[in-house]
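First subunit A sits with subunit B, and in the next complex the same chain sits with subunit C.
Moving on, here comes the complex of A and B:
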């Protein structure tokens, strides 16, 4: 397992795209903090990058990487290695390298500029988003043998979570604004990992506004230690479920 | 010769008259020591081993102008009434305990000074509002350097004039509003000076009702259950350089005219009904040099007119200002709005107020002629502020991609936000405040 992991990580590093991704993130982050006149605006710029670019790059790169390692996987299967070990090694290797790129690129400047609790929650949220979208990539790449279709599914899922979902929730808000919909909406927001991360960061950034009318309700849900734990568990679930489904499919797949 | 004798005689008589006149003139001066001796200020000492065993006995024995010095120790004497113009000084912080039953000091004479005491556990009753120090219909009372702990009301002034409350430390630990009175409560008074006091944990830190021509200067009000400072029907007052922090509902100025507010800080007043500063039905006020930091709402305007707000800082608030549509002729100029979630909110489409030369950190315009005034007007009311006002749970979607998109398109062509809610001369750089 460890040896397999080493091969995967070495291969990814040789690929150089992850390094380029890391440098791009670093450039984005440093310029966001350098160009904006105050830190909070820099954090907002970064938040937008984090909620859109990080999931996109993770899901695309991982999907393509899995498709391209098809031959490598087939080669490994001819050796006495368990199928699940191969799939897990691939997943962990990809996640680790993407997370490392994110932490080096964005995490370090964040720790420099932002206050500690905000930086910490943003780093944790970014890492979780990376891993979640790698897991989604694994799922979409196992669903179909057709590479174009697989990448298409991955991009569609990203579009749905990053852009469409908010629009749908907003629509529901307006349609049902006469009813007490705070609680259903809190539940609904758990259905999108990007939204969950955004709300966690929102509670840090806009704490004054979130203490207002319904904000206080959300603060009670997400802001308490229990809420933080529950939202973190939900994020872990978002990693575990897609990956577990893909693992089961991979075990039975006729390669 | 006869004439000469007569002349001499006359001279003698006149000189005698002069002498008598001279003595008459001198008399007050010669008698002065005796008058002074009759009116000398006695010093009456209270305490163990002193000439008086109780404060009540000392006050009974005193006359106007005397000094009563209370030595360190615990005094449980019930209600002490001060009905003479005396000077009361504590030595080594003597503790006067109201045993949760009595009003501790009742001042019913003019020119009373109370210094250096510790007053605690006054009675608690909503019927007669007992205070640690309550001043009834008196003028020129000075209350300075006392420590007031766990009282119902701390210092209570009613129908008083020219009184000074200075450098007192006032703290209560009651948990509910109805269990606690106000730290410094002033009612129907005039020309008061409230200076350098610290109030913690009372219902309202400082409370003014029907008080005129008074000043509140350099006080701290922390962690009070309701308001840090509460004004009702109190005209022509000023509050300057005070700090109000983490109070249940911030500061409220209601039903009042001509109040000047300069150089105060309003911080960390968080909650749905908490405002840095709440204006209700007030007019002709002036605000300058104040700081509003990390409040859910910096200033809430309701039915308030002709207020000038200039050179203030609004920083990291949920809403910098909520300007209800029932306000008019307010001037908001030369302020800095920094890092607020929403700079402005309103509840209608009518805007009869003026914005000018404020610095808005969300402004994205340009300045081609380099006069430090943006060439494009700024609309401080964002679309999402309007949406959240009508539909508060929508706050959950704030900062999502969809919402950013909506906000941007609204900025390009306003449709939902009122068109005249605008700063035509937004400043390009923050004002140096």
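Moving on, here comes the complex of A and C:
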């Protein structure tokens, strides 16, 4: 496992895309803090960039990487290596390198500019988002053998979670505003990891104006500390479930 | 040594393997032959655990290979078309495989030396010709002195000299008591190597015979002629 992991990480680092991603994140972060005179404004700018860019890059790169690893997987399978070990090594390798890129690119400047607890929660949320979208990428790449289709599924999922979902929740909320639907809306927001991350950070920042509708209700319903805990647990579920499904499918795949 | 029991495999509507039963013993060299798409590669990949059968089971030394990977330590596999990670060099691929198969026995470097692979070890897999890729595959298959060798079209794409080297190596392995499974369309090439023939068609095993038996049954002198005779007379 450790050996395989070493080869996967070496290969990803050689790929240079992760390094480019890291530099891009660093540029965004430094300029977000440099251009805004006020730190909390900078954090909000960064938050919006982060919630869009981190999932997109994670899901796209991971999907393409898994498809390109087909040869690697085939080569290993005729040797005494368990299928689950190969799949896990790929997943952990990808997650680790994307998380490292995020921490170096965004985490370090955050620790410089923002106060410690805010920086910490943003770093945790960013790392979780990265891992979640790597897991979603694994799921979409195991669903179909066709690379173009797989990438298509990955991008559609990103689009749905990043852009369509909040609008959808808002729409439902307005349509049914005559009824007591706070609880269902809270449940609904758990269905999108990006919304969950937004809630996680905004509960910490205490800026309800920027929360989005789901966030506002979430805070009302849970209160700050319990809200943090529940949303964090939900994020962990968002990693575990897609990856577990993809692992089960991979074990039964013909190569 | 390897026993295949009631294996069936469908790819959608296509029946790749239909209730196949076979038994391979030690120190035999068995040729799998049959027209394109008759299920040879699927059968091989089932033994390797790369394709999972819909029903039936494969036993390696009496142990089912379901949920087992340790038996592959005894296997050397040379694929028909070797596919390797593009960005890795020959040296890195061999190093990686060595790292994964932590076997104590000394490694067999004869083929690597005979093919002069050391000189190419810094070359990326992407840049290799088909023949060189085949040489890498062959070297990897023989490197760990496996008890069972599975060779899918081993000489396709190799130049005559390399093909001769590989053939000599296969015969040497057979004399050492290895079980060798080989698929090939070049029947004349199999002549001095194989001891048993399995003929497959449409996912079924038509027959599994010793070479001498096959020649006696058809009254021909070579494997190629015997098979052609059977195909033409339609009794295969």
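Heads up, the rule we're going with is that the second predicted complex is superposed on the first by the 234 of 255 C-alpha atoms of A that agree within 3 Å, B and C clash if a C-alpha of one lies under 4 Å from a C-alpha of the other, contacts with A are read in each partner's own complex, and residues count from 1 in each chain.
Just so we're on the same page, contacts are C-beta pairs under 8 Å (C-beta built on N, C-alpha and C of every residue); 3 or more make two chains touch, one makes a residue touch a chain.
Because the structure is predicted, anything quoted here is derived from the model rather than measured.
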#### Entry: Chain touching more of subunit A, residue-wise (subunit B, subunit C)
B
### Query
Which of the two partners, first being subunit B and second being subunit C, lies in contact with A:38: first, second, both, or neither?
first
### Message
Just checking: does A:252 make contact with subunit B only, subunit C only, both, or neither of them? Give me first, second, both or neither.
### Response
second
### Message
Touch test for A:71: subunit B only (first), subunit C only (second), both, or neither?
### Response
second
### Summary
Per the touch rule, the subunit B residues reaching subunit A in their complex are 270-272, 274, 294-297, 316-319, 338-342, 361, 390-404
### Residue ranges of subunit A touching subunit B (in the complex, touch as defined)
37-38, 40-41, 44, 47-48, 51-52, 162-163, 166-167, 169-170, 173-174, 177, 181-182, 185-186, 189, 195, 198-199, 202, 205-218
### Task
Flag every residue of subunit A that touches subunit C in the complex, lowest number first.
3-4, 7, 11, 14-15, 68-72, 74-82, 252, 254-255
### Message
Which stretch or stretches of subunit C touch subunit A in the complex?
### Response
11, 45, 48-52, 69-73, 75, 77, 79, 83-88, 93, 96-97, 99-101
